[in-house]
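The same subunit A turns up in both complexes below, where it pairs with subunit B and then with subunit C.
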Partner chain A sequence: MAVSDLAQASTARSSAGGGRVEIARFTVLALVAVLSLLPLLAGGFLLYSLSLCFANALAVLSVSMLVRYGGEVSIGHSFFVALGAYAVAIVEHRLGLSIVVSLPLAVLLGAGAGFVFAFPSRRLSGIYLAVATMALALALPEILIGFEKLTGGFEGLYIAQDLIPGVAKSLQHYYVALLVLVLVCLALAHFRKSAQGLALLMAQAQPRAAEAMGITRSWARISIFTLSAALASLAGALTGFASSTVSPNSFTFFSGVFLLVGSVVSLNRLSLPAALVGGAFITLVPTYLAQAGDWVPILYGVALVVVTLGANAGDLRRFLPRGSGR
Partner chain B sequence: MPGFFRDILPLLWSGIISGCLYGVGALGLVMVFKSSRVVNFSHGNLACLGAFVVYGFSSGSLLSLSWGSAVALALGIACAVAVMSYVLIAPIVFRSDLASTIATLGIGLILQGAVQLVFGADIVNLDLPVPRFNFSLGAIRVSSYDLTVLAVTLAIVGGLFAIIERTKLGVAFRAVSTNPFACEVCGLNLRSVHLFSWLAGAVLGLVAALLIVPTTFLSSTTVPSFMLQAFTAAVVGGFSSLPGAAVGGILVGIIMNFFSFYVSPEFMNTFLLGVILLTLNFFPNGLLERAIGGRV
Partner chain C sequence: MMEASAGNGLVVEGISLGFGGLQVLSDVSMSLRPGVITGLIGPNGAGKTSLFNCLTGLYHGQRGRSSFAGTALNGLGPAQRAACGITRSFQNLAMCPDLSLLENVLVGLTLKRRSGWFSAFVPTPAQRVEQQEAERRAIAALNELGIGAFAHDKPSDLPPGTLRLAEIARAIACDPRAILLDEPAAGLNAVETRDLMRALRRLMRPDLVLLVVEHDMDLIMELCEQIYVLNFGKMIASGTPAEIRAQPDVIRVYLGDDADD
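Our next item is the complex of A and B:
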């Protein structure tokens, strides 16, 4: 099968890359070690913020994944995050079960919702999807408040059940979020080299060649959005678990935009450090700049514009000598 | 049965009135998209800023000018911001639709923050300076507001189509939206056409915002979320057809009115999401594709 040949070729090339890959791997391992030992030193609020950072880093990864593999922008991923968070809360309230049950359920729900959402725009350019995600982000608060019986309306719901009884709550939140984040990063690294991942990348870069090999563009679009929504929903489940509460306050129109900001700031990379940078940016900035309130959207907006322009700066040279372009 | 008909005519009428404004908002989005292939997510935020400038300069919270000069100032500021936004994304506009679309989101966030910084999270009223009167036309009650909206919409849409159909700039705009590469080969300056469409978009957005605000109120979130209706109208019209956007606006206005009257006023955005998804699935090039063709 040709796609798996491609997979082998790419692994061969990456191992030929030698030293730099080793250094990167070492950095990531050191980062994981530091983060897993951190609770020995720090406590309380820092652990809480870091658990939220991990959960948000996952959500950022889901947006970056969509950009990388699908070449599409979503400002409505807050919908899937909310879906996961409320799944955890509602399962606990209605059925009395902990995240052992609700975490897989959240992933399945996210995948289902992602599929339903991506299906209509399967044949259209990414711009239509972006507009539809805007509607998704604006519809979310309405739905959360409207279905009051299920979602608890304005007040939201509490999540109190432990995963492992007897262990301190803050440690549980921290380690579960960290573990899932590390696992997802490993899975993403594996996905990049798998036949499926390459097929998706090919469908984006060379649609016609991909089509000739039986990978249709619409299939690629739907499957990447489904995967990304499932990941976002997983992130939401962890956000709910880590913050012990869900309410419409944490899912406004802007939370979807902020996820995109996190993704752009991490340069849409899918590695652990990049995800942490993105997650930390959107978690810590509002916490530590709480009194600067209205400056936060400005800061995020400037970050979006500057990083987007910087990342595409190769093109700036075209402006200096006129006529040398194309 | 007669009760049903007594409801339906006023609903249609008010749907058409608000639909005109959605259409005007959508025209701005489509103008920008047709020429520069960018979905301008800062459209609503810019219109909101403009409306707040009119409020600030006419109500006395910043200055107390007359309504007319406040609008002139707001138009100036909106145009200046539109030019600045275009200049910001100009380096990447040919390179990547997606990156420039993300950049417009960033500009939107900056404008949103600016509005909140200067005007706070207040909810204010901003009326139109027109004499108030009503009269009945059968089952329909027509107010001076309705007539103003109709007159302004007709004037501005008529003006826009006259520019696009009759002037050199309009010909250039149509050429660029059909084949930018050929235009560049022929020596047409793409930048000036882009700028024209961004300026037109800013003006259309501001006009729509000023006319919609009297029916609700003005706050830092109402106008940007009003633009969801404009986006829906643009999608219904196919996103690259100007008449489609205008007709799509009126359709969206009417169905939204029916939905909020007969089903629920609380799930408007969810309903619009449904409209967008259904349109994308069944009419990917817009509802009017067959009737008028995709292009102007």
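Our next item is the complex of A and C:
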């Protein structure tokens, strides 16, 4: 093929791609509009569930971010989520301050904790890093119960302060969570184009090439884990705010596993719709399937298998006999 | 020759490298002068890639010294050598599949970019200016190699020849002082190889060190002014293409029977 033909094909491709981008942008805008107007029609339990769903969507994003930009899997992100949630509760109990103060503080704490964990484990990857993060999730309930004076032990703590006094609590929870989720998605879209975002993607896909461009593997691993932990902690702060309570029950070992499940279900994508799918899967499915009782874990498992197989259908096709399915 | 160029070129002296009992490089010296396209050839297993990896900091020789523009390179890793202005390409195309060609080239500018973590998430006027400047440089690099039209394509949509040129665009985008190319013509057809040669000649500047490690004898002979020949980890010859052609050792170990035509 001559160069001019190639260039023409390229132009055709990019205009088709432009159309797709427009449609995606319109879908997201429509979604935000619908979600913003929803409280006019619905109330009560649905709003409460959706507020939690938004907070969980952020937590799912934090895991997906680690997968996308770091190529790593964490089972223990519930640790950083709990850190954010307890930061909000403890700041309110000890200092009497609302999330205006505790939300940024939670982000900083999460980043700090992420860095403290990532620095010594910067040479770990794959299954070894996943197991190291598992240690965080396993230790978490014991830590929460052990520091009873600060964390309220088994009973946990209540979060009662309003952000804007006078406005209904359910509306506050809903809109704050939605606003932060939308802002984080915008920030992540911007990050994808930033120098740091590109450098992390390159370090993940071609570590040796990245190194030759001055991007070291340790820098990449520490940076992405710190960012992801900060985001998880922000998600935790909103989970606490939206549910008005924190207790060790909300942060068991399985919370970390479910975050990973949510990330897999959203195909590790970092867009608003994908985050909502992941958040909904770990928030709404268990709630609305509660009457199914013992079947919940099984339905969960089936859904997970279906999504994983469906998403990787292209790769699985090679297991089919020759000539079929092509 | 070596003394005169040691001030501003890339120089290795007496490099030896072994893996366990296997001696890969023994007492290899070479001097890459700025403004000259230098070629490194040798049969399979001669140690070309090992020497290349010593130059880029991936391997560290057990003996010997290397320096660039008078600065000692010993002990520096790939990222630190990149900070000294040394860039490289890879034998196996090292493009990130998720990024467009333009973005792949933009990564090459990472060391030149100054915007901080805050502006990575929140757009600021300074960051926008910086981004535009970086994109301008990346597009200029792609245009210099004649592949600006593919800036927004994904690597998987493009033929290897274009990707090879894109790797070189990435290497030149950050205004390096030395470019090391590992088998740039591997997997290219005759037309693409010719494009590559033209591009390499065009980007040559008086202050640039350019090393091409290659199997393709014709390409090296036509492109390079200075050639080194490696065999069994030893440097067996160096000189101009005419001198190399006349070396009996080279004819015996590398050019084989085809050498007389």
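The rule we apply is simple: the second predicted complex is superposed on the first by the 291 of 326 C-alpha atoms of A that agree within 3 Å, B and C clash if a C-alpha of one lies under 4 Å from a C-alpha of the other, contacts with A are read in each partner's own complex, and residues count from 1 in each chain.
Just so we're on the same page, a residue touches a chain if its C-beta (ideal position, glycine included) is under 8 Å from a C-beta of that chain, and two chains touch if they have at least 3 such contacts.
Fair warning: this is a prediction, and the values are worked out from it, not measured in the lab.
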| item | value |
| --- | --- |
| Contacts of A:Leu289 with subunit B and subunit C, given as first, second, both or neither | neither |
| Comparison of subunit B and subunit C by subunit A residues contacted | B |
| Partner chain in contact with A:Ala199 - subunit B first, subunit C second, else both or neither | second |
| Touched partner set for A:Ala209, first subunit B, second subunit C, both or neither | second |
| First (subunit B), second (subunit C), both or neither touched by A:Phe191 | second |
| Touching partner for A:Val302 - first (subunit B), second (subunit C), both, neither | first |
| Partner chain in contact with A:Ala33 - subunit B first, subunit C second, else both or neither | neither |
| Parts of subunit C lying in touch with subunit A, wherever the complex brings them together | 56, 58, 77-79, 82-83, 87-88, 90, 94-99, 103-104, 106-111, 113, 115, 117, 119-123, 127, 131, 134, 146, 149-150, 152-153, 157-159, 162, 170, 174 |
| Contact set on subunit A toward subunit B in their complex | 67, 71-73, 75, 117, 119-121, 123-128, 130-132, 134-136, 138-139, 142-143, 145-146, 253, 257, 260-261, 264, 293-305, 308-309, 311-313, 315-316, 318-319 |
| Complex interface listing, subunit A residues touching subunit C | 1, 3, 6-7, 10-11, 13-14, 17, 187-188, 190-191, 193-199, 201-202, 204-206, 208-216 |
| Residue numbers on subunit B that touch subunit A, as the complex places them | 33, 39, 41, 88-89, 91-92, 94-103, 105-114, 116-117, 221, 224-225, 228, 231-232, 234-235, 239, 266-270, 272-273, 276-278, 280-281, 284 |
